[in-house]
Amino acid sequence: MNILSFVTLFPLLGVVALAFMPKTNTHQIKIVALGISIITMLLSFVMALKYKSPASGFAYVTSHPWVSSFHINYALGIDGLALVLILLTTVLVPIVVLGGWNESEGGRWSVKTFYMLILVLETFMIGVFAATDVFLFYVIFEAMLVPVYFLIGGFGTGERAAAALKFLLYSLFGGLLMLAAVIGIYIISAEQAIGSFDVTALSHLTIDHATQNWLFLGFFIAFAIKAPLWPFHTWLPGAAKAATPGTSILLLGVLDKVGTYGMIRFCLTLFPDATKTFAPYIIVLSVISVIYGAFLAIGQKNLNSLIAFTSISHFGFITLGIFAYTSQGLTGATFYMVNHGFSTAALFLVGGWMISRRKSAAIEDFGGLQRITPVMAWLFFVSGLSALALPGLSSFVCEFLVLLGTFTRYPVAAIIGTLGIVLAALYILILVQRTLHGPLKSGNESMTDLNLREKIAIAPVIAALVILGFYPKPALHVINPSTTSVMAQMNVTDPHVLAGK
Amino acid sequence: MDISNYLYLSVILFTIGATGVLVRRNAIVIFMCIELMLNAANLALVTFSRVAGNLEGQVASFFTMVVAACEVVVGLAIIVTIYRSRRSASVDDASLLKN
Amino acid sequence: MFTMPTLNYAQLAPILIVLGGALLGVLVEAFFGSKRRGPIQITLSLGTLVISFAWLLRIRNDISATAAMGSVATDGFGIFLQGTILVLAFLAVLLIADNDHFAPAVSALPGSEEEAAAISSGSRTTEVFPLTLFAVAGMMLFPIASDFITLFVALEVLSLPLYIMTGLSRRRRLMSQEAALKYFLLGAYSSAFFLFGIAFLYGYSGTLSLTDVGTANIFSAGSPVFLYIGMVFLTIGLLFKVGAVPFHSWTPDVYQGAPTPITGFMAACTKIAAFGALLRIFYGAFFLMQYSWKPFLTTIAIITMVLGSIAAMTQRDIKRTLAYSSITHAGFLLAGVVALNKAGLAASMFYLVAYGFATVGAFGIVTLVRDSSGEVTDLSKWAGLAKKSPLVSVAMALFLLSFGGVPMTSGFISKFSIFTAAYQSGNIAIVVVGVLSSAIALFFYLRVVLTLFFQEAPTDGVSVVIPSIMTRIAIGICAVMTLLLGVYPSLLLNLVDTMSTLVH
Amino acid sequence: MRTSSLLVYLIALPLFSSALLLLLGRIADKWGHILATLITASTFVIGVYEFMKMHSQPSGSRAVTQKLFDWISVGTLKVDAALLLDQLSICFVLLITGVGTLIHIYSIAYMSHDKDRRRFFAFLNLFIAAMLLLVLGDSYLNLYVGWEGVGLASYLLIGFWNHNPTYAVASKKAFVANRVGDLGLSLAIMICFAQFGTVSFAGVKAGAHGASSAALAGIGAMLLLAACGKSAQFPLQSWLGDAMAGPTPVSALIHAATMVTAGVYLISRSNFIFDASSTARLLVVIVGAITLLFGAIIGTAKDDIKKALAASTMSQIGYMILATGLGPVGYAFAILHLLTHGFFKAGMFLGAGSVMHGMDDEVNMRKYGGLAKLMPITAVTFGLGYLAILGVPPFAGFYSKDKIIETAFNAGGIKGILLGGAALLGAAITAFYMTRLMVMTFIGAKRWKAGSHPHESPLLMTLPMILLAVGSVASGFLLSYGSALVHWLQPVVNSQSMEEGKPLMPALTVSLLALGVVVLGAFFAITKYRSVSDLAPEDVSIFTKAARKDLYQDLLNDKVFVEPGTLLTAGLVKTDDRVIDGFVRFVGNFLAATSDVLRKVQNGFVRSYALLMLAGLVITVIAVWVIGA
């Protein structure tokens, strides 16, 4: 078994271990879950350190026949794009476990179930980025919904059941459209050569334009729902409102990235002509997402749904970068996925701590926290700064790359998108002002500041945001070759410099 | 006589049967209408057997008769049971299962 | 002049064994006291099915079109479906074996002293076992029948016992009887159409052999009107059995009224048998005239998928919900029929197996959820069941997700392969509609899952009875198969690939 | 080009100290302010050392660089984390670190009673680091990091007492207005990259001549927008008055001497863009002229001493911006005024702080009066700054402001007369409001609140004021002696390249004219404000009312942006629920309604089921027949 497979499947080991532990021993269960996720993270670090960008295709390739009748393989492999997202996943899971130490309690089911679901989800999340077989990808893409469904519905708050159902229905609906497209491309591959689901093999097919358009849409809508892109986003705020902070982090931080990841991995490389046909329209949707998400965020009264809408705005930036298909846009979008993961994680973590202390998620219930819980307030502020892409934090680098990359191909879209940075300042600072500043509001008096566990949980996130902001080179170094290869597969180059040279 | 007249008769009988099922309420009568349809089919089989010049159709009609007899056994049993429970053989009364 | 038919008994043996078992069962009814009949009948039925299956394994590679003078075709396809029916029947018998489902004295008036006496004496209805075996025999014959008489007889052999079994419910007797009546009347009605269709096909081709109808029509000068009438009438008889819209109306009522283990049995096995026959007829006899029936069958497939899933959305009864689910699945399976390629045949075979296991399992679970007055099928009473009975709820969720076609369950591979086949045949419309109606269907499956897991249990809640060992085995096998075929479908896919052969 | 490994410490030291003070928390309470002050002083030392080294080099090779690491490298975009110290940036470095150090010293005393003094110094150091990065970055992107960094520091410091909701709002307003400017800077960078494939100053400069005039005008306009945001120029000026919510040393350092002048730096730094685009230059002078009048007018009506000074800052920066739009020589004069202004305005702000310190944080000048006797040092230092800003020879402002007025007149034609006139008018109004301020604060009758005991501030506060006052007196002469600064900046801004046209009027005439209007303005103020009521009169002219309301810019912003924005937000929230989610719900309801119809069809009557079957059969037969035929 190669290290990639090992990293992917390792969390399942934890699931097995947890299955044999008594339900009542919650503390031990948490320790085991934390331990397993940390080991997974270290393993993924080892993998990353040994990683060398392959000249073409993927690294750590492994392939075993799975369903031979349909030429389906258990095929894994990673490039820079997948690697950074896998690292994001493996880093976030232990943080979620540690940060949400108590959120598994008081759910509908036992603590044990919670962590089993989390670890199953981790395997799926790693696997979905590692899969190089379209069918395998699809299967994991869909299967990973199930643990999330139960995590939201079983451990969330408020309208959790309805939110979970809505989430699942949207996702599955998109998934079914994608299934039709997956079948379509398989049939085409069977007509042109031996049938295959291998993403590299599929990218060499010649598909006529009309068919490309349909297949593209099948994939794209699924990913757009997942990402989510306006107007497919309405499931997200409800889900974020109902889910526990940990679940929200994994949902927005990692799961939704599968959508944008899929756009690059499948939409762009498998259907380059269709991409070029639809790109202008998608750019419009992205710009709408950016602005719309920001306005909606300003208008929210609930902390969690506010964060959700900021994410919709950010996902708009990501898709903007992807469908501008320039080096800066694509690399920026990929890097954005990672940074958004950290930045959302920070917001949800601190937001979650605030909510659990205040027993309310209504923004109006908070006020003046800076005076009573300075550390928490500061961390919330820094997380907010990351959301508004302050230079020096990593989100700035990627947001800027995206806008720069978009500008060279779609200047108008980039100009409108840039308005998003002003709106971002508004939604974050209004939130900060209402919750942290001003006199202490009644109901907040007994709030306690962060404890050591919570500080340890969030420290790596903040560190990542700062370090990658000042020194993004390691990430960009890994992502750049993937971008180059995507653009080569699409047969496009960056727009020429207009003047000067 | 033109052989097609047998067919017309068969079709007419079948239609009467099929319509009878729709318009009658009594389960027994409905059941008789169905028997009429089966017999219409038998008539057609025999007629076609004549046209085709082989005996397969006639043999089939014997099978049909046997099967019809079995159906009667089962059918009457069911109708009688429900009549005992409900004191009515009207199929419209038996409409608990719906929507 | 009478020629002795040459029969290949070895190839007919699986059916004959089941029939023999059934007859033995009748004798057991006659000669053993009511107390001892139960265990004997159970053993006998299960034993018969096992022996029959063992025999089937022995002859699995003997392909022949002439086992019974051209009346049956034992080919890979037929043997596979027979085996499937046997396995599922075995599981269904395990469910049936639970004493609680059947009226102790069927002839007694509901609520009468006679009935009370029967209940207090502890007597049980054991006729259901031989009836099941008769039905199984009919079902096994149906997909391999290759002339119209055999087809008709098989249809009746499988149907008649089911009519009776539908009326045997211990509780809600009136509903059960009503279901039996409806099933019987509509079934007989459709049989009449079926037979009338046979007559006209005979008139068109001059033969009752499926194979010859297939070839005769090219040369025959017979009026195509006979063909069209015959074909449509025959098809409708079959579509009735599979529960395709608009010939589906009996399904919800009968599924609801029948004793739940019987519902499970007929939902799974009847569908397999009927689709077996459909596939054989359309892949064989009518293959060459597909231009005439493909459009209408495609239309029916689409209507069935869409209306089935829409109708299920607002159901409040779990059995009716599952009935509409089975209607929707009939639509998907019809997509496999109209694909008319080898992939379609193989996909349909896989689909039937996967669907069969999930169906028996799901109805098996329905038998377990009860309150003081017996089974509770009202969905609102199922709320929050997961809290009390997590294992049962997880199994139910698994079956429902499989019905919905969620990856990692067998239902997903089924849908995938059916859609692949349909796509391959160029019928993209059916794929798109199939995908969309899958989405609608998912809604009601997930609604049930949501009810189970996320709603608060009502105060007058239900409980899950501790299942008997047999029920446990049945549900367990179904669950394992549903998961296994989802995770490692090659097990079965490779088999259906080799078995998907039809002889004419 | 020469390299120096010291540059990074200019930024790293204060950044490190800031982080240290924030992370250590209360542990550092005792010595945090001292560390911060020493660190800032050490950056001043480095600045001076670098200046010495630079000064010893020949004029053409004075610039120093330091490359730290590859920052962003994607495709053709290559941005190094690299620093550039040239003649232009050294001016800023010295100003920032020098004034910065003084203000740190002043703050030790000023903030001694605040329990969060450590945090205050951490923010100040953060500001120093960001501001130095702003002026040292060798590309627009590096500059942008500093640009937003100072915005953040400014936000934090304005909202330092954010438990007061008004202050919290003020800090937010400042940040958002700055962000609007940042938007301009982002767009300018994007256009640069699309045009030239690079965002470094050197690269853009090299390519500038090849770009289309539209592109150059676009870049110029966007840079101007950025400058407007940061330097509180029209139409983004409204935040500056509110920013006075911050502690007074902050107002002195950030909102008078350094940060708000970043716009001037940006335009001077981008001289190659503006030199190549007359459209951009025109926009610059318009903005500059409007703002200098705007600020001056607002200044006449403010009773809050800090807000009056803030309006003055706005106006003075208007002069600088105006100068930068006047062509190559203008840059040098802009920088000259920027430096002198840095001294006298910082000095006056510290003076104001000293007054507030002595008056229990009272800011209303109508409650002052006659403070000169009680606070002699403050009054004298303030007075020297006052003379400087009025442009009375030989004080610093005279050298810088007169040059700008003169250059404006020399712009030629109608434009020259309009700009020069505006600048002259501004000078008159400046004299008026500054005199008003002096009179109301230091002269006249006591109008103190009961219980006030005004007193002179401690040495730690007065010392910086004295030093800045020295600067107010001498800096103008020193910097312009023999056109020292013009020559110094020549390699960067090309300040002597343009042949000066025939002047509209001789320099002496301009000076006299300027002095004349100043005297006029001052005289008018003295007569009007000899006696002041301690309550602001209500029956004032419409102009005064408008000036008190900042000429209704806030109202305009509210009406044009805030209110429609609020409505739009509310509308979109509803839309999201009713239209987008509503559509999904509609589909769901439609399906459910269909489902109900189907339930009704399933009516339980077996005969209707049979009818359905028969109907299906008939339709099918007909359909097959039709298709077959």
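We call the chains A, B, C and D, going by the order they appear; numbering starts again at 1 in every chain.
The rule is simple: contacts are C-beta pairs under 8 Å (C-beta built on N, C-alpha and C of every residue); 3 or more make two chains touch, one makes a residue touch a chain.
Remember, it's a predicted structure, so these values are computed and weren't measured experimentally.
Each of B-C and B-D has its own count of C-beta contacts, and the greater count is at B-C. Averaged C-alpha coordinates give centres for chain B and chain C that are 25 Å from one another. Computed from the mean C-alpha positions, the centre of chain B lies at a distance of 96 Å from the centre of chain D.
Note: centroid distance chain A to chain C, computed from Cα atoms, is 44 Å.
Annotation: 37 Å between the Cα-based centres of chain A and chain D. For chain B, residues touching at least two other chains, in rising order: 18, 21, 30, 91, 94-98. In chain A, no residue touches at least two other chains. Annotation for chain D: residues touching 2 or more other chains are 599, 602, 604, 606, 610.
Screening every pair of chains for touch gives A-C, A-D, B-C, B-D, C-D.
Residues of chain B touching chain D in their complex: 18, 21-23, 25, 30, 91-92, 94-99.
If you check the complex, the residues on chain A that touch chain D are 230-231, 233-234, 292, 295-296, 298-300, 326-328, 331-332, 368, 370-371, 378, 385, 390-392, 396-397, 400-401, 403-405, 407-408, 411, 414-415, 418-419, 421-422, 425-426, 429-430, 432-433, 436-440, 470-473, 476, 480, 483, 494-495, 497-501. Remark: chain C residues 181-182, 185-186, 189-190, 193, 224-225, 228-229, 231-233, 235-236, 240, 246-247, 249-250, 252-253, 291-293, 295-296, 299-300, 307, 310-315, 440 touch chain D in the complex.
On the side of chain D, the complex with chain B involves touching residues 599-600, 602-607, 610-611, 614. Residue ranges of chain B in contact with chain C, taken from their complex: 7, 10, 14, 17-18, 21, 27, 30-31, 34, 37-38, 40-42, 44-45, 47-49, 51-54, 56-57, 59-60, 63-64, 67, 70-71, 74-75, 77-79, 81-82, 84-86, 91, 94-98.
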